[in-house]
Amino acid sequence: MDALELLRLNLLSPMVLAFVLGLVAVWVKSDLKLPEQLYTVLSIYLLFAIGLKGGGELSVTSFAVFWKPLLATLILGVSIPLVAYQILLRLGRLSIVDAAAIAAHYGSVSAVTFTAALSFAQAQNIELEGFMPALLAALEVPGIVVALLLARASLNPNSSQSAHSGMGEVWRELFTGRSLFVLLGGLVIGWLSGKAGLEQVKPFFVDPFKGALTLFLLEMGMVAASRLRDFLKVGGFLTAFAIVMPIINGSVGVVLGHFAGLSVGGSFVLGAMAGSASYIAGPAAIRVALPQANPAYYLGMSLGVTFPFNLSLGIPLYYAVASALGARV
Amino acid sequence: MKTTPAFRITIIAEALLEDRLIRDVKTCGAKGYTITQAHGDGTRGVRASLWEGGNIKLETIVSEGVADAILEMVANKYFQHFAVIAYLENVAVVRVEKYL
Amino acid sequence: MDALELLRLNLLSPMVLAFVLGLVAVWVKSDLKLPEQLYTVLSIYLLFAIGLKGGGELSVTSFAVFWKPLLATLILGVSIPLVAYQILLRLGRLSIVDAAAIAAHYGSVSAVTFTAALSFAQAQNIELEGFMPALLAALEVPGIVVALLLARASLNPNSSQSAHSGMGEVWRELFTGRSLFVLLGGLVIGWLSGKAGLEQVKPFFVDPFKGALTLFLLEMGMVAASRLRDFLKVGGFLTAFAIVMPIINGSVGVVLGHFAGLSVGGSFVLGAMAGSASYIAGPAAIRVALPQANPAYYLGMSLGVTFPFNLSLGIPLYYAVASALGARV
Amino acid sequence: MKTTPAFRITIIAEALLEDRLIRDVKTCGAKGYTITQAHGDGTRGVRASLWEGGNIKLETIVSEGVADAILEMVANKYFQHFAVIAYLENVAVVRVEKYL
Amino acid sequence: MKTTPAFRITIIAEALLEDRLIRDVKTCGAKGYTITQAHGDGTRGVRASLWEGGNIKLETIVSEGVADAILEMVANKYFQHFAVIAYLENVAVVRVEKYL
Amino acid sequence: MDALELLRLNLLSPMVLAFVLGLVAVWVKSDLKLPEQLYTVLSIYLLFAIGLKGGGELSVTSFAVFWKPLLATLILGVSIPLVAYQILLRLGRLSIVDAAAIAAHYGSVSAVTFTAALSFAQAQNIELEGFMPALLAALEVPGIVVALLLARASLNPNSSQSAHSGMGEVWRELFTGRSLFVLLGGLVIGWLSGKAGLEQVKPFFVDPFKGALTLFLLEMGMVAASRLRDFLKVGGFLTAFAIVMPIINGSVGVVLGHFAGLSVGGSFVLGAMAGSASYIAGPAAIRVALPQANPAYYLGMSLGVTFPFNLSLGIPLYYAVASALGARV
């Protein structure tokens, strides 16, 4: 199957189309509004379901297979924000806090992009490692912490800006934040109850998963459209960053995954994770730790630009890179 | 029925701040509070409340001194960086001892 | 299977019984309350699911097969409100605005009645055309527009009444109204992603559909009961209208469907659509365009009388008509 | 803490009117608004809010002139055909420039 | 615009009491009411509202006499055993005949 | 399979682990919050689904098989509160109202404990009677009524305390209370529409049931944790009661079930029901009828202690008793 065909298949999947429908709903000013509670419930459902499945797989995975990909993931989590921060500061001439805030988002990961990549793989019958959700959990926090440490190191410790919350509070916030908590909780439950336990809840957490994701993407489309509107006041450099950085990060992710021994499918999904930007854990932590950073930047970029880019073009692209790399070997 | 004058502070803020505001309001001396979900718009606009969802409206009935302390605290800690408004009203309560 | 047996089967389906349970809940003053958000979510889910399935079918339907039923549907959508308006004005002696408001509701269509008809067909193994949801979308708007034009033509253009909103706003309202928007969105997505796309989301949007409908009907029963209470103050003529008009419209719908080349099942479902009265798009548009019309009339009739009538007796009746007609040929 | 007197208008209306009311209130000069979901009962009763669900409660803090304009507007446009009430209260705000 | 002074009673109570409070408030003479969902904390703490969920905030605009009757009623029937607060405010209404 | 293995299997089921995750969420102060509406919707879903399935089974059960277990259930419902009340009054030295309030909860039943017992049975391939949900409905009300009559008999009728609501209002409240209403409604609908009707809604009400229960238990864990915190101020005797009383009631339930002719599985589930304490119907009725009783006691005990005990240890214990008894015969 050539790249264009993959692109077409991706763009015409119900999930991507539902996202577009959400965008359209905002553009034509439809009075369609999904209850906020649905958004919360679907987020938790998706994260918990991802965790459960990944945990079930982890229970049959030996650490010997797992440690190299885990290490690759952690390297991505630490290095991406370092690079992004420098680019934003030097090329983009942003303030320290805005550079750190954005770097945190690109260093962390988007669970929905991850999920969309999984769905893509499944629809194209691409095999991949079952333990990927554990890598998702591992990639969520480091990037945010590194970016915050960068900001902290550069800010005058006596300024009123740094007074807002200690690093301790931030750590607590990150680990008890609902997104990581539910994902980790699902992983542990899946791991403890094993495949037999998972079997019992399959018709709720596994079979309808893609449909629930479709509904969630409809809602995300509506959110992304309004974020994009805020963001469009911002302009050139950051828009370019929000598209080019994911391509770089994603490709590096694919390559690292490949050398860590992941299959073509596994490298592809690691690439999609690396290329994605957080919009759940990221904003929650940054709003607290760096309240002076402008949310229009980090939310507009991660949700308004990078997410739609990854969902539509990024995913087939990362797969193309992964399969090219896989074929070479 | 006998009523006593008291003050009601209303704080409207991005929902992300809920736990923090409750803690701070209690620290200022409030004995209780009531929160409702809200949404709205003002002069700041953008905030980070996507996943948290909208605003909260926190109301607390307090004595004059506590009211003042709360307004000071909100102004100092929240006005600069967050989407927050706060205002004060006169109310007449029954069982004033519950609020002092 | 004779008519009585069909009636019995229909009345004892979980969906109809759930509706009755909702009525009972209000009558015995149970403190059962389903959250409003559930109502919203289920509405959207049902409409989107109907659309998806219909769109999937449309993608394999040629326009040659489709245009005649579509034309029949549009004829129904235009003629029903014309007739209903005259009856309400002359026989019922209603005011212009009330007559137009009610005519709009009967000219439009109830998606839940449509869905109940589909479920009935499925339970009795009645075959029918897969593109019916596209006809549902086509029937939603015309009746409302025709009735509004009637009111506009009759009202003094200088009166304060007509000042409320221009026809342009009404058109926008109708096409971006959530009910049509979600249904059309589902149709387009189903059509673009085709049967393969649909397959991916089947365990969420197709398999649990009837169960979700059952829950929704429980809630509708509760709403209908309170609407009925409002309405009962209104009296004889309108109640008769709310039962007789559906029978006429439904029968005409079956006949038109038959001559447009639909199967027995297809004519039956078109009849159920024609016989139904809107309670989503209709009230939303009318409340805006004709605010002076009394909601107790149009909501009481469509939701308190016609919907329960169709759900219980109308559906088997329309089917009986369709199969009698089919047998004659 | 220094506060300034201002006015709060509350409009309770069928939820269907939300977008319209926001537009109209802004046109009258309001700088912001806060909305909460509500339900209730009054003297009109029947309304068309089945699918829209219940009422909304819109609150906006404004100057005296804007308050008056809003009440006029609501009375003229909505009182006759819709289930709507509106009333006025005195509040004391911090950062009065946000509301003027 | 011409407004008339009136009184707003606010009752915050565990949600379980909703139907009861509506009945009682109407019996005291209220012509209408508005309810919003809320949650909060006070001096009583524990209540039985797990499945009912949180608190409700009932607001009703009434004349002085009715306001007094409602406060009396709430004090007598609910203060002892339930998590309830009630207070009174001055408002200025349009169309005062709706509330009397 | 020995008792310890059963315990292990129960503790490592996704449902029990989800409950624990909910507890942990509160203990680590995670900002995870499930919307209140989800709690309401899941409660209604679970009760209605239990009812539907039970009703379908009842439709093929003859009264000859059913009356003895029903009688055993009613005996449990009447005798448990009588015994509990005396113990609480005499040994515990509680006030009349508090003793009666707690007795009402232990005399009634927890639908979620029932459901967890069913899931346990299903996972271990334990056969049981299909009509158990009808017994669940039968056990809900009597215990509460008996306890209220006890309080009424002992309280000075002239005291202000008894003025709060007549017994008539309490009966109405009990039968129209949402929990019993939905369960009975489901039973009747399942019974009327039979197994064929049930088949239509199976992918919504049957297949995903355990998964929905898992999500619900996550939320219950969070509620139980906060209840437990309130309760811990209360102390020794009541904690012991909240663990010992269920063991006694549960064992008696198993024995009665056995002599009423229930299978090992059926006796086990009846035991779990008898051992459980209500936290839906119970609190709602008691808060109205005995408002002067302290909710920290009855909610803290039933939800904070007894429910977690049953979910983790009680269920395997009652099963061990039932199978020991079954083996002896």
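As written, the chain order gives the labels A, B, C, D, E and F, with residue 1 at the start of each chain.
We take it that a contact is a pair of C-beta atoms (placed from the backbone, for glycine too) under 8 Å apart; a residue touches a chain by one contact, two chains touch by 3 or more.
Here the structure is a predicted model, which is why all the values come from computation and not from measurement.
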{"item": "Smallest number of contact steps required from subunit D to reach subunit F", "value": "2"}
{"item": "Winner on C-beta contact pairs when A-B is weighed against B-D", "value": "B-D"}
{"item": "Relative to subunit B, chain with the most remote C-alpha centre", "value": "C"}
{"item": "Same or different residue numbers at the subunit D/subunit E copy interface, by half rule", "value": "different"}
{"item": "Chain centre separation (subunit C, subunit D; CA means) in Å", "value": "35"}
{"item": "Separation of subunit A from subunit E, taking each centre as the mean of its C-alpha atoms, in whole Å", "value": "47"}
{"item": "Centre-to-centre distance between subunit C and subunit A (centres being mean Cα positions), rounded to whole Å", "value": "42"}
{"item": "Distance between chain centroids, defined by C-alpha means - subunit B, subunit E (Å)", "value": "20"}
{"item": "Shared interface positions of subunit A, touching two or more other chains", "value": "31, 35, 37, 40, 203, 208, 284"}
{"item": "For subunit E, residues contacting two or more additional chains", "value": "36-37, 89-90"}
{"item": "Chains touching one another, given as label pairs in label order", "value": "A-B, A-C, A-F, B-D, B-E, C-D, C-F, D-E, E-F"}
{"item": "List of subunit B residues in touch with subunit E within their complex", "value": "1, 3, 6, 8, 22, 31-37, 61, 89-95, 98"}
{"item": "Sites on subunit E touched by subunit F in the complex", "value": "14, 16, 45-48, 50-54, 80-82"}
{"item": "Subunit A residues touching subunit B - in the complex, by the definition given at the top", "value": "36, 39-40, 43, 164, 179, 223, 227, 230, 279-280, 283-284, 286-288, 291-292, 294-296, 299, 303"}
{"item": "Contact set on subunit F toward subunit C in their complex", "value": "37, 40-41, 44-45, 48, 52, 172-173, 175-178, 181-182, 185, 188-190, 192-194, 197-198, 200-205, 208, 284"}
{"item": "Complex contact set, residues of subunit F against subunit A", "value": "12-14, 17-18, 21, 24-25, 28-35, 37-38, 119, 123, 203, 207-212, 214-215, 218"}
